[in-house]
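Right, one structure below, let's go through it.
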Amino acid sequence: MVPTNYYVILSAILFGLGVFAFIFKRNIITIFMSIELMLNAVNLAFVAFSQALGKLDGQVFVLFVIVVAAAEAAVGLGIIILIARNRQTLNVERVNLLKL
Amino acid sequence: MLPRTIDIYRVLPEMVWCCFGVMVMLMQPFVRSRHFFTLLALIGTLAGTAASVTAAMHAGPGFGGLVQSDSFSFFFRLLVGTVAFLVVLAAGPYLERERLPFAEFYALLLFATAGMGVLASAQELLTAFIGLEMSSISSYILAGYRRDSLKSSESAMKYFLLGSFATAFFLYGIALVYGSSGTTMLTKMGSEELLHSTLFELGLAMILIGLGFKVAAAPFQVWTPDVYEGAPTPVTALFSAGPKAAAFALLLRIFATVPAATHFWFWAFWGLAALTMFAGNLGALVQTNVKRLLAYSSIAHAGYILVAFAAVTSMARGGSAEAAPAYAAVLFYLLSYALVKLGAFTIVSQLGGTGEKHLSLDDYAGLSQRQPFVAAALSVYLLSLLGLPVTAGFFGKFYIFKAAVNSHLLWLAVLMAVNSVIGAYYYLRVIVVMYMRESSAEAKSAAPVVGFPLTVNFVLAFTVAGTLYFGLFPNQVLNFILQPTLLGH
Amino acid sequence: MTAQLAVFFVLAGLAAIGAVSLILQKHPIHSALSLIVVMIALAGLYLLLGAEFVAAVQIIVYGGAIMVLFVFVIMLLNAGIEEHTSISKMAGAPGLLLVVALAGFVAATIARSTESIQATSQTGELASTLGISNMLFKDFVYPFELTSFLILVAVLGATVLAQREKS
Amino acid sequence: MPTHPMLEYLWIITLLPLLGSAVNGLFGAKWPNKIVNGVAIGSTGLSFLCALEAVREFFESGQVLFHKEFFTWIAAGNFRVGFDLQMDQLTVVMVLVVTGVGWLIHIYATGYMAHEGGYYRFFSYLNLFMFFMLILVLAANYVLLFVGWEGVGLSSYLLIGFYFLRKSASDAGKKAFIVNRIGDFGFMLGMFLLFRAFHTLDFQAIFTSSTLQGWPVELGGHLGTLTFACLLIFMGACGKSAQLPLYVWLPDAMEGPTPVSALIHAATMVTAGVYVVARSHILFAHAPTAMLVVAIVGCATAFFAATIGLVQTDIKKVLAYSTVSQLGYMFLACGVGAFSAGIFHLMTHAFFKALLFLAAGSVIHAMGGEQDMNRMGGLSKKIRWTYLTMLTATLAIAGFPPFAGFFSKDSILLSAFQNENGGRSAGYALYGFGLATALLTSFYMFRLIFLTFHGKRRYDEHKVHVHESPRTMLVPLMILAVLSIIGGWLAAPAMLGAGPDYFTKFLQPVFGGSEAAGPEGEVRALELTLAGIAVITALIGVTAAFWLYLKGSGKADSLAKSMWGAYATLLNKYYVDEFYAAMIVKPLLWISTNVLWKTADVAGIDGAVNGIAAGTTAIGDGVRHTQSGNTRSYAVWVVVGALVVMAVIFFWPFGGKPVLGMLR
Amino acid sequence: MLPGGHLLSVLIFFPAVGALALLLLRGDDHKFIRIIALIVSLAEFLFSLLVIPKVPIGAAGYHLEEFAKWISQPPINYHLGVDGISLFLVILTTFLTPISVLASWKSIEHRVKEFFVMLLMLEVGVVGVFLSLDLFLFFLFWEVMLIPMALLIGIWGHERRVYAAVKFILYTMAGSIFMLIGIIWLYNATGVATNWTAATFDLPTIQLMLQNGSIVLDQRTEMLLFLAFFVAFAIKVPLFPLHTWLPDAHVEAPTAGSVMLAGVLLKMGTYGMIRFCLPLFPGASHRAAGWVAALAIIGIIYGALVAMVQPNLKKLVAYSSVSHLGFVVLGIFAFHNISMQGAVYQMLAHGISTGALFLLVGMLYHRRHTFEISEYGGLATPMPKLAAFFLFVALSSLGLPMLNGFVGEFLVLLGTYQRHWQWASWAALGVILSACYLLWSYQRVFFGEITREKNRTLPDISARERWILVTMAVVTLWMGIGSTFITARTAAAAQSVVDEVEPQRPYEAAAPNGFTPHAKRDSSSAAKAISSERLGSR
């Protein structure tokens, strides 16, 4: 029987890694992936909690999150394509026309 | 199994908006006429806004408490509905000018509005999350709506990446709250031991981060100027008025129902308010691009609103009666602010000219001679933002001051005072340029007299009238938002 | 050290390693693959938690649909090795410090505050898909409907953004 | 018809000149001189007649004091000032002197100014002066008196600066006004202090108030309220009557046309100070210290000015300093309690000093504007009448019996001699200096006469056509000459032992007890001795002058060379003007410009204001640069925010508990 | 004759109506616009005269009160009223407005319509400030007045007009925003006192509550509130260290602007002190009095000295205002009914004489387009009439008796002296200095030979200018002689203010029964007796 907080701690670690990735990757696609990673961390937490609480709604939330993630993915990738088309680059640091 | 009709009534506005969105989408391949879509979108926004009356008439919790249809949500539905309506009116000529597809724009606008409606009425975190995402995702797309423009696409990218980054925090917060309280129903989080649960605290903190990003509270405000500048101006108008209001609505809702929130959040809001005011005003001081200047100013105003939030949280208990004036302050301010920002950005979008080339202050030199009425309208907006009497902005600021003093936030009040003086400087700068600087020859050639289509003029007239009306007779609104049963239960 | 625990550690390690490699990989494709590893590991954990349905969805939707989409886009834009610029000063040393601080703080706080939570004994019906569907279509029907509109938005958005300029 | 119409309508006396002034000022520009004359002389003459009538009625009614309130001018709280006029013996003297002499001088001026531009302006100013002067002497309270006081200052400003194209003239006018203002500063404070003590500023209300009756005499050295009040008022008097240290304006005032010098800066205005002191004699009587100060200042001024007068070569300058010196005498008199003597000297001085000025004017007129005595000489034959009249006046001022000056100056010296205030020695010192001054006076006056009318002429025949002045100028001269002979006889009886001094008796009801009077017997003896001494001194002066300036020509210059330092000092009036300029004016301007304006105001305060603005903008620019436009940085900012929120929520000292109080 | 009932509302809003009418006119017919503006402002002046009989002599308190509920939450009311003090300030405003209209008859050539609209709106704001009895309403008008003034400076001003305009607004707002906090704080106090049954912004009510102790402010709070109000007013006055906006504003403003600014706007500050600072916070006023007086005295002397060395004629006049207003503040904070009345009178006098000075300077500028004194010299020769008027006005402003300046100055000093002889003694130095700078500048401008050839041919005043100046001169003279007409009406109001700030006045004994053989007068009675019995009859 695995204690719940193991799962939660794992999710926290994954979330942290996601944040880290978001900041330290340059490729927009990878950055987007790190967002997905963060969402996954959240899912893990949800499931763990739902199991700990003995309630199902946690798992339902996970489904919602996945759907939202899918939607975001569609839009996000669309935007990425747009950028790639306009700028011929995927390096987020090269996309800084708007500043100050 | 079908939900009860009463529940449908209670979420009717969102439904109407969504359905019209779908309709517009479906018509898109078959109908060419732009005006048709415009008309449809207008009808849709109006219908949804009207539907919120029905929802208000059937007040009460819907879907087993997922949503709450009360005066509060009524107010915000009306607000976002009206905003959407005006944006549709203002956007028409813009899309025409920039030769952008109409249907998708309106559809996205309607969905975004629906999302805001959900946000304003949600009483359960996950529903709120879905609403948030609806409005956000549509916003991402709208921000990048001028596909060929580098700025537009960049603003879309930034908004999208950072937005979803913040959303992840928000979501994680929900997870933690869920884990510590065993529920996502705001109404069920009143229990005593939550006041001492660290996990719950952490969850609320995460939620605050997520929402703080949406309302552009410093230091989460960094994205705002870029996104606002890059986005098509009517969309900017929408951003500054709609999603912000909706996010604030959710925050308020959380306060009102979750005692622990008010308990934990006070100092956080104190700090955020102070930071935000300064970040916005100081940043705006040196701007020469009007659109960007207004973006910064909207940050500053978010700061003012946060002062009222601090006032709310400083109350022993968020929902209690003595907090009512503070709520009223927030609501009234959002109203006045929405009107003004809409009008201002509409003018900017019109004067911007094809490709939004004329956005710098110099293009506004001597506007008062070239287009006296436009200049006058813009001055009214600016004075309202500046908080001078007989404009709604004055009362808005007045009530926030009142709320702050009322809960002994003297230092915050003083900081706000200092800020409104700083703010005065750059608002005046625009007025000065319009009235006191003669339009130089090349300015004349650069920014010739721009024709204002009927719809735009209507928007201006509406917003100006509203600003002045609420500046003179705020009574009805106040009496409405001051009623004790503002938030159901 | 029960078997479950052992499995947990294996999967957790896998997930963590995947996440780290997502960061370390220079080529987006490799990052994507390591993300898939994470997801599969997580699916395993869901099974371990007795959430079979969620695990399945995880594999199908995430690992299947979404990641495929990613890979597809990467191929489409044939993104190469990411160039290592560091224009952003904030995201240098200070960023590193701050991120570590945040992650550390969150993890620590969670670790402290979730010790008390005790896993309830698993019962069969809990994990039943029936329960989930009941919830989905009874209690959460409203958000569910909304998600449908959300998908519509996504579709619309994708078309709006990705379609080429029509002359 | 009231029994005493002119008294009841006392204001008419004052108003007539004002009317004249207004009429001339507003419409005179287009009129020929004749009409202007008519208006000016008519109005003043009329008011002179009215004054006479009023005086007649006053004595007829036989009341000790006539007092009438016409309307309330200022009222606030328990403070009330009315346009109230009063008449008593003192007033009578003053009014008659002012209107009478004033009228004569008007007549004279019509001749003197005949060829000047701005004729109407001149007479308008002159009438304006008459108006204010009459207000001054008729006023029944300090504030109304102050009105006249400032008013005459104004008209003197206008008249001194009459030739405003000349910088020196406008400078002199400005100087006069400002120096007077310095005096008025004291005068005002004096009034405030009086009001504080008595809660009113009406003369009679103060003088007869129970407060004052019960007031202990503030003995020497003890500086009580009254002493302060008196000193402050005296400060005003110093300004107006050109006493040390505020006398500097009067010599410069000679920039004005000569009739102005005669009327304002000799006969009337400058004596206002003496009048005020005499008017407040009851207060002074309670403040011996103040009296002593008055006496000393007066005496010092008399001597000091006389010494300067010794060496001046500008004929009007000499007269100016002599005026200052004579005023000193009057104050000396007041200071030693001989108020009636002071007023007496005031009157006689009005006669002969006016005469001197007018005569000098006639000389200047004759010489075609020449004022330097070194370019005159031997005029006695050419302008006989002028010469004779001027000689009379000189004899009078030098104090030869039976001329007016003799009597008045004598009684002053007597009282000084008798003075006990501040010890006998003080009295002797005062007397001594007074006597010395008499010597100097006769010396410089006759120096003037000799240089001007005797000896060989030092001007160019062909350039200057010396001619006697027109009758309009000569008639006043003669009248004044007569007056300055007989004017003193009022006091003669006392001197000759034939009954009392009429003048003193006449003023008795006003000055009453406050006069210092010794036992009858030896007083007369003493008086005669002193008179003798005085005459001798005067004679010495004359002979000295004769010996220096008429007998041997070069003597004066050689003397000057022999004691050059002293001579130069005197010639440059002790460098007082230079001293004031260097010590007060220049530093003040420098400080105002460089310290107050450029440093404190522009650099300091305004600099700070603009600095704040600039600083804010700079900070704004800094804030703006956090918007690097780089998404990664933005993400870091979000993380920062997250940390801030966490830190505040978890580690804030107040632990999120709302803390009531100002702190937030 | 209007119904007295709404006379005050008419006073406030009639100019607004006029402005609206102007807006509807065609912009190019300048003459017509000017005439309309003149008619409106003159009518307004006549209306304001109608108020005089409505303010009985010797009756304290507010008259012609108007009360209407405006906003229910928080209870903000449209509450107007006039008393002796505000009465004449209003009349001053309505008097100076037509003068300004006439003054800008020729000098304003572009955007004429807007100009007069702004002028009238400015009048609306100022009159509103003087008449409103509701703190909130007061603040509202206070802010409303800013914009037209700033635009007057900024659009029709001279070279650095924009800088001056912005400086003006920011300075004022910086003060007033804190006043707003203070107002709200007071409102809160009323709410707490009545536990939110009768919270109010109503000035008389709050005053009452403060007096009868239903609101108790601890010393610190009272002082803070006092400062919140005082600083706002001090900036407007302007008091010594806060005065630097004034010279810029004046120099850059068009003539009409300067006239209104110096004539009326500055008085809003001192009026505020009388109406709010003293009655509401007597304790704090007492504790602060020393410092305020010190600043006022510094202002008097400092302003005079700086004015003395100004090379710019208009700046000189501006700094002279700093000096003159110092007297007013001193008079107010001496807490003596004589000095209080003096202060009120000085406000009016300064309004007239400094207004006239600015008119004259404007006329010079109109002819020569410079304010530099060195550019002038010997002007008395080409333009004797203007020189005469200038001298007259200068004399009135340096406080020559029988002209308006004297009465106020004298009363202020007299009253102050009764309480603090040191203050009065220092302040009296200003009397000397004012003579210095005015006469010196006058000499440099008008006396002497003509130094610049251009000046030789300058035309003397035109008929229009003459009538403006004659009007001003007549008023100056009348105020100098017939002062009791005004003081009789201000007496009661001033008295009541003093009563509130300090009820016991042992130092203020009755005058002894003076020696008055002919007129029978009981001088022991104070202002009321004198005014009613002696002046009422006139």
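We just call them A, B, C, D and E in the order they show up, numbering each chain from 1.
Simple rule for what comes next: a contact is a pair of C-beta atoms (placed from the backbone, for glycine too) under 8 Å apart; a residue touches a chain by one contact, two chains touch by 3 or more.
Because the structure is predicted, anything quoted here is derived from the model rather than measured.
If you take subunit A and subunit E together, the chains in touch with both are B, D. For the pair subunit A and subunit D, chains touching both partners: B, C. Compare each chain's C-alpha centroid with the centroid of every protein C-alpha atom shown, and the nearest one belongs to E. Of all chain pairs in this entry, the one linked by the most C-beta contacts is A-C.
Averaging C-alpha coordinates per chain and comparing to subunit D, the farthest chain turns out to be C. Mean C-alpha positions place subunit A and subunit C at a centre distance of 6 Å.
Centre-to-centre, using mean CA coordinates, subunit A is 26 Å away from subunit B.
Between the Cα centres of subunit C and subunit D there is a gap of 102 Å.
Annotation: 78 Å between the Cα-based centres of subunit B and subunit D.
In subunit B, the positions touching at least two other chains are 126, 130, 133, 137, 140-141, 144, 147-148, 156-158, 161, 165, 176, 179, 202, 225-226, 410, 425. Counting partner chains per residue, subunit C has residues 87-88, 91, 95, 99, 102, 106, 109-110, 114, 117, 139-140, 143, 147, 150, 153-154, 157, 160-161 touching two or more of them.
Within subunit A, the positions touching two or more other chains are listed as 8, 15, 18-19, 22-24, 26, 31-32, 48-49, 52-53, 57, 64, 68, 71-72, 75, 78-80, 82, 92-93, 95-99.
By the definition of touch given earlier, these chain pairs are in contact: A-B, A-C, A-D, B-C, B-D, B-E, C-D, D-E.
In the complex of the two chains, the subunit D residues touching subunit A come out as 624-625, 627-632, 635-636, 639. In the complex of the two chains, the subunit A residues touching subunit C come out as 1-10, 12-21, 23-27, 29-30, 32-34, 36-37, 40, 43-44, 47-54, 56-57, 59-60, 62-64, 66-75, 77-82, 84, 90-91, 93-94, 96. Contacts from subunit C toward subunit B in the complex involve residues 106, 109-110, 112-114, 117, 137-143, 146-147, 149-150, 152-154, 156-157, 159-161, 165. Residues of subunit A touching subunit B in their complex: 8, 11, 15, 18, 22, 28, 31-32, 35, 38-39, 41-42, 45-46, 48-49, 52-53, 55, 57-58, 61, 64-65, 68, 71-72, 75-76, 78-80, 82-83, 86-87, 92, 95-99.
By the touch criterion given at the top, residues 157-158, 161-162, 165-166, 169, 201-202, 204-205, 208-209, 212-213, 217-220, 222-223, 225-226, 263-268, 270-272, 275, 278-279, 281-287, 313-316, 408-412, 422, 425 of subunit B touch subunit D in their complex.
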